[in-house]
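To keep things simple, chains are lettered A, B, C and D as they appear, and every chain counts its residues starting from 1.
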Amino acid sequence: MGASETVEVTGHLMDSGILSRILDDIRDYGGDYSIDTFDVGHEAHDPSSARITVRADDDPSLQRLLMRLQTRGVNQLDPGEAMTAPADLAGVLPDGFYSTTNLETRVRVDGSWYDVENPEMDCGLVLLEAADGGRRVRTVPMSDVEAGMRIVVGASGIQVSVPSPESVGDAFAPAPGEGAYEKPQAVLVRQVADGMRQARDAGKRLLWVAGPGVVHAGAVPAFVALVRAGFVDSLFAGNALATHDIEFSLYGTSLGLDLGLAQGVEHGHEHHVRALNTIRRSGSIAKAVEDGVVTSGIMHALVTEKKRFVLVGSVRDDGPLPDVYTDVIEGQRAMRAEVADVGYCLMMATQLHSVATGNILPATVPLVCVDINPSTVTKVADRGSNQGRGIVTDVGLFLEQLALELVPDYQRS
Amino acid sequence: MGASETVEVTGHLMDSGILSRILDDIRDYGGDYSIDTFDVGHEAHDPSSARITVRADDDPSLQRLLMRLQTRGVNQLDPGEAMTAPADLAGVLPDGFYSTTNLETRVRVDGSWYDVENPEMDCGLVLLEAADGGRRVRTVPMSDVEAGMRIVVGASGIQVSVPSPESVGDAFAPAPGEGAYEKPQAVLVRQVADGMRQARDAGKRLLWVAGPGVVHAGAVPAFVALVRAGFVDSLFAGNALATHDIEFSLYGTSLGLDLGLAQGVEHGHEHHVRALNTIRRSGSIAKAVEDGVVTSGIMHALVTEKKRFVLVGSVRDDGPLPDVYTDVIEGQRAMRAEVADVGYCLMMATQLHSVATGNILPATVPLVCVDINPSTVTKVADRGSNQGRGIVTDVGLFLEQLALELVPDYQRS
Amino acid sequence: MGASETVEVTGHLMDSGILSRILDDIRDYGGDYSIDTFDVGHEAHDPSSARITVRADDDPSLQRLLMRLQTRGVNQLDPGEAMTAPADLAGVLPDGFYSTTNLETRVRVDGSWYDVENPEMDCGLVLLEAADGGRRVRTVPMSDVEAGMRIVVGASGIQVSVPSPESVGDAFAPAPGEGAYEKPQAVLVRQVADGMRQARDAGKRLLWVAGPGVVHAGAVPAFVALVRAGFVDSLFAGNALATHDIEFSLYGTSLGLDLGLAQGVEHGHEHHVRALNTIRRSGSIAKAVEDGVVTSGIMHALVTEKKRFVLVGSVRDDGPLPDVYTDVIEGQRAMRAEVADVGYCLMMATQLHSVATGNILPATVPLVCVDINPSTVTKVADRGSNQGRGIVTDVGLFLEQLALELVPDYQRS
Amino acid sequence: MGASETVEVTGHLMDSGILSRILDDIRDYGGDYSIDTFDVGHEAHDPSSARITVRADDDPSLQRLLMRLQTRGVNQLDPGEAMTAPADLAGVLPDGFYSTTNLETRVRVDGSWYDVENPEMDCGLVLLEAADGGRRVRTVPMSDVEAGMRIVVGASGIQVSVPSPESVGDAFAPAPGEGAYEKPQAVLVRQVADGMRQARDAGKRLLWVAGPGVVHAGAVPAFVALVRAGFVDSLFAGNALATHDIEFSLYGTSLGLDLGLAQGVEHGHEHHVRALNTIRRSGSIAKAVEDGVVTSGIMHALVTEKKRFVLVGSVRDDGPLPDVYTDVIEGQRAMRAEVADVGYCLMMATQLHSVATGNILPATVPLVCVDINPSTVTKVADRGSNQGRGIVTDVGLFLEQLALELVPDYQRS
């Protein structure tokens, strides 16, 4: 094999199975390796570190492998300098572009290291130089590439940090002394509540992502109470959540009672289209609230409490509501604009919007995914680092318990 | 077609889709039919009734079809007299035996009607005559047939009643005036609580069926509180529930925290086998409680509150506990002996024991099946009549809410 | 109750449970009813018909109830004349608009009946009058309403037909003489193959809807064979299917081997973003095929066989491919333009696009939904009429068998 | 911490995540550790090994921890000598008994090592001494313990070997050169077929475990073909599989067509009870075959081909068939008697019997679990070593493809 490079990786390599994934990657990319050193620490909780020489048939193969390994937090021992190439076409990254992770990343240019401002998965890195010579490095999604942008290519000069369990996962660690008779579900609710309080106390914002199941499961009162008590700063959702919430408010449709064996209640249900038409007539959800058309529910609470929401459409939408971004790329941009100071993210009963949000959230933001469907929880929460926690449970009862935990005067209905 | 008979059926035929199933049955058995009269009532809530002439190629085919239809509550217009044949072999029903439903059934012998004492699915009917000429009709499972028993054959002289929604389903009807902002999960919990209170007030017993998921979901404190407050009269379970509960009590194993993406924690876990061995040494669960070996948990509560339980084994059991029926037929007999005065049945997180219990419960007993797995709920609760209610939710949070509803001083942990 | 109207409904009312849903609707809308006549026919297979007087508190309530009932195929005995109102705002239907079903519908204006040209769910009806006085009635989705359009309001003058099992469901009926040893899965595959051949022979087009699971399950060769043999006229999909297919072609990524316990392989996988970038550089999938960049796979086959595809984006998309409609409303319009002559629709392993397609397909088009997830099959195939067939199975093995059935020289790999 | 011991473990520690589980165990048992040496090998595929000093509060705690660790293949550096204690009660192991894994295990007595003859999970180890002084060590399930047996206690003198991927997992390794367009499902079927052929060629027996889903999915012809071609040596199942198969043979019930959204077809279905009664009258399945009562199907093929089967009952059984072990402990004994020379095990569509079989199979037997339900596959195939392979797919189509692969003249129906 003609090309080789020595890389290193540090962290709780075995706890997270990360080393085994690294070796799999090398094999998948047709490379080979030898492990030069491996130090697992001596005492429990010591991090481990490895130094590995990876080999590939030629340098382009090696570069691609190195870029791949960086998605696992594996960095070159001698990082070198980042190389860039200009984008020749709008919306297209130059060949050999560095494909990002959502991990903390820094880039070395002319001997100096620059932190990537907004880590996000599956983007390019653009090097911005101000007139005064000040440099910044940002992620840029493919669709936002402008011709002429200086884009990082290859794996040189890049360093990625896998978050330590201490920094992120603490919110999810089992509390010491949890005795035999503790109730796990209650423990989980309390851990989530603690994480939310900590994030809020640290001046961070709380981001929610929710699907229509929140309405169907009867969690509107609990969610409204959390909004009013200041535990919801932003909501990401689709047309369905907002429409079902508003339909519920306008018509009192007892959709919620049709839980259980999820029935296809949404379509062919004329209340649904009338609710949509009513808000379209108002012009926006906020206007419908202002005009007294919508007087209750989740969207009403967000509007009256002046909280932000980003609704992004999908191909199955009726209507949609006037607030919905029908262009999904514009919707993603609106979502990106909201994640800046997020310190905790809760994902409730939606796979589509949860995955979309997970893609743009930095790995340093703890996230909790609650869904009754194990496969959604697996897809969303299993993110290759310990930043996520999945809870397979009923979103209705979970939110009820969370409101009881966080909102002092919340009354069980 | 050479043989025909006129049958009739009464009830909420369309609400339950029963008529469509009847017509399907006739087709499936190669028969034909014409509908002589059909009366759907005039006002809402009137029951409907139909009179149908069914035809088959010959009389044996017709008899089999008629017996099939009786499982739907379809009776012959002219019921005639029941015929019997002696069982010629122990454990075997005579050819042409009448195969039972769990619906209310009566049998006509010598011009008199006799109620079947213990309706149960998939049994034969035995006619018992006392020395003084007194007659009784009981169901008899195949394995309990004794040579010489007089067993009902054919469909003549049998009448089956489908329960009306009024008699059974009321426990599950949406309460009038449930407004738009009611929480469905809370509504469901309250309906179940009401049904349990009504059954208890009516002097009926409350039967529970539970799987090990109850322990894993952290519901032991809630369940114990329900036992102590008198809301558990009998428990049907397997070796796993009892062993996990006792293991939890003995070792404080934090099994419960491993919820979510259900891992195969049970096997290879030596706490499990040690717990089993400990109770085997004691001789019985009750003795282990008496000796102070087991001092907490569900089984401890049942023993100290003098409640009954029937544990029936399965092929995957370790141990098992000394109280477990290792012979499943003997286990079924023990279960049958417990269902006599049951007025409400709750099935939690177990498919095997729930189906087994559903088979021996009369259709007049309301049952609620709670499971996070929709397919279990479907299999157990979809029983062809409106006696069952399925709730797809988290059993841990459900029991927590139910204890809050039913037990005045129950504290959230 | 102050307002009443007599309605009638004809069809296989009991087979489909339709009558029970009608009565539920009346109750849900706070109305009341009495059944004037009910005729179930005499012989098997006769359709049944009912005449029902429905009552509501006032006329507006009655109108809403009547519109609701028409979604079930319940028509007014005296249909009257359709009323229209002008749309006062673009994108908004006038108050009291008639909300459509996807059933065959006709509208009476000035004593003449007009067939609705393109039945679709959850739309309005627009009355178009040509300069020469020629009239047409079309469905119009809310977002395509233009100010001044004449929109049908209220339920008068509208007649809806529920498809008979004969017209639609035949494709799915068990063939007579299917003996005991028939293989159900093989039977189902053969029925689908027959339905596809019949539709093609009748000059109809075959529409497919597919998710990325088709690629993961290893069904690319089978799908390509079906395209080449003329059994795929149009494909509806999202960015993911096309990207995974192209990634597979470009990099030979053995994504497909990661089946089973579906892992979140898509994200963080740099092959994925490189494939997207490559096609964005080409400008379109067709150009990438033309330029020899993409030389195999599903998209390659569609392009070279000159078949059409509509790719509509979602909020979770990377890239996306240049062919993807990023505006979902424009994407829906492109889909609507494709459904005109569709005679059979196959939906494979995608809930989002299947539901979206189901919404715009007339009820007269048979559809088959294949997914390993029962809840997707339920949501898509349970459409309130007998037009849909759900098959819970492995899409990879299903397509393999279907190709063996339909493509004479298809070789097992 | 007062007590310590140095242990070592060798194998593909990181690939299988085994080291992380070991450290978790130590923490769970309240112990502490330091890693003395850790060698991951140098080249790819080198096994790694670790030497760890574990500490606990006192010696009993340490012994329990060491026993726990041995279930992971972690052995004491200085194994010492095994200690034994007599069983004082039948059916009860002495305190401190060594709880077994299903890994290859050897025991040192008086300086000599003895292989455990029949590795099985969750048992004790009994030391047998012949009159001539010959020693053997066997596993003994708790229920088979006899008073006076010499049972191994503590962790001394025991060595456990985790199977290497080479020895077991090869059957499941992706073949080299599997190109981009390979079909994963076909690849998996072929791998299973190869594993079966290899086991047969090596003189080993092929064990199947099957649930009634095999019949419902229409796989009877494929299964019969596999029996006739010599690819089924033993079958483990419950009452349901055999009864549905026989019902299918006797009545041609098209149960199989009711696949898809699994309906509770079994109960209330009088064919089912009549089939049971018919075989009970015959006295056994073999007698029913001999008498010409049963002339086709899986059980017929097993009987006529003189293959063995073990049917073990469950609490939900009707009947049961006369061949069914109604005592589950006796059923387990019958199963144990069949696993001796098994070289490959296929588990189809049953969780209960698959888990039961997995418990008694040595870790050296490759097993494949096929089920459409991911949670069953996870529970059965995720066994902590690489002996199992789970395939989430349709068992009907899987067996069809497997028969096409293995049986030369198998015809597609």
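Going forward, a residue touches a chain if its C-beta (ideal position, glycine included) is under 8 Å from a C-beta of that chain, and two chains touch if they have at least 3 such contacts.
In UniProt terms the chains read A, B, C, D = ornithine cyclodeaminase.
These numbers were taken from a predicted model, which means no experiment stands behind them.
**Student:** What is the graph distance from subunit B (ornithine cyclodeaminase) to subunit C (ornithine cyclodeaminase), where chains are linked when they touch?
**Tutor:** Each step joins two touching chains, and the minimum needed here is 1.
**Student:** With centres defined by CA atoms only, which chain is the most remote from subunit C (ornithine cyclodeaminase)?
**Tutor:** Chain D.
**Student:** Pick the pair with more C-beta contacts: A-D or C-D?
**Tutor:** C-D
**Student:** If you fit subunit A (ornithine cyclodeaminase) onto subunit B (ornithine cyclodeaminase) using the CA atoms, what's the rotation angle, as a multiple of 5 degrees?
**Tutor:** To map subunit A (ornithine cyclodeaminase) onto subunit B (ornithine cyclodeaminase), rotate by about 180 degrees.
**Student:** Between subunit C (ornithine cyclodeaminase) and subunit D (ornithine cyclodeaminase), what's the gap in Å when you average each chain's C-alpha atoms?
**Tutor:** 45
**Student:** Where the centres are mean C-alpha positions, what is the separation of subunit B (ornithine cyclodeaminase) from subunit D (ornithine cyclodeaminase), in Å?
**Tutor:** Computed from C-alpha means, the inter-chain centre distance equals 32 Å.
**Student:** So the centre of each chain is just the mean of its C-alpha atoms; given that, what is the distance between subunit A (ornithine cyclodeaminase) and subunit D (ornithine cyclodeaminase) in Å?
**Tutor:** 40
**Student:** For subunit D (ornithine cyclodeaminase), write out the residues touching at least two other chains, lowest number first.
**Tutor:** 254, 261-262, 374-375, 378
**Student:** Considering the complex alone, what residue numbers of subunit B (ornithine cyclodeaminase) touch subunit D (ornithine cyclodeaminase)?
**Tutor:** It comes out as residues 28, 64, 67-68, 71, 89, 91-93, 97, 99, 101, 121-122, 141-143, 238, 254, 261-264, 267-268, 270, 272-274, 276-277, 280-281, 312-320, 326-332, 335, 352-353, 355-356, 358-359, 373, 375, 378-380, 382-384.
**Student:** Any idea which subunit B (ornithine cyclodeaminase) residues touch subunit A (ornithine cyclodeaminase) in the complex?
**Tutor:** Listed in rising order, the residues are 174, 178-187, 216-222, 248-249, 251-254, 256-257, 259-262, 296, 372, 374, 377-378, 390-394, 396-398, 400-401, 404, 412-413.
**Student:** In their complex, what parts of subunit B (ornithine cyclodeaminase) are in touch with subunit C (ornithine cyclodeaminase)?
**Tutor:** Touching subunit C (ornithine cyclodeaminase): residues 13-17, 19-20, 23, 26-27, 32-35, 38-44, 50, 374-375 of subunit B (ornithine cyclodeaminase).
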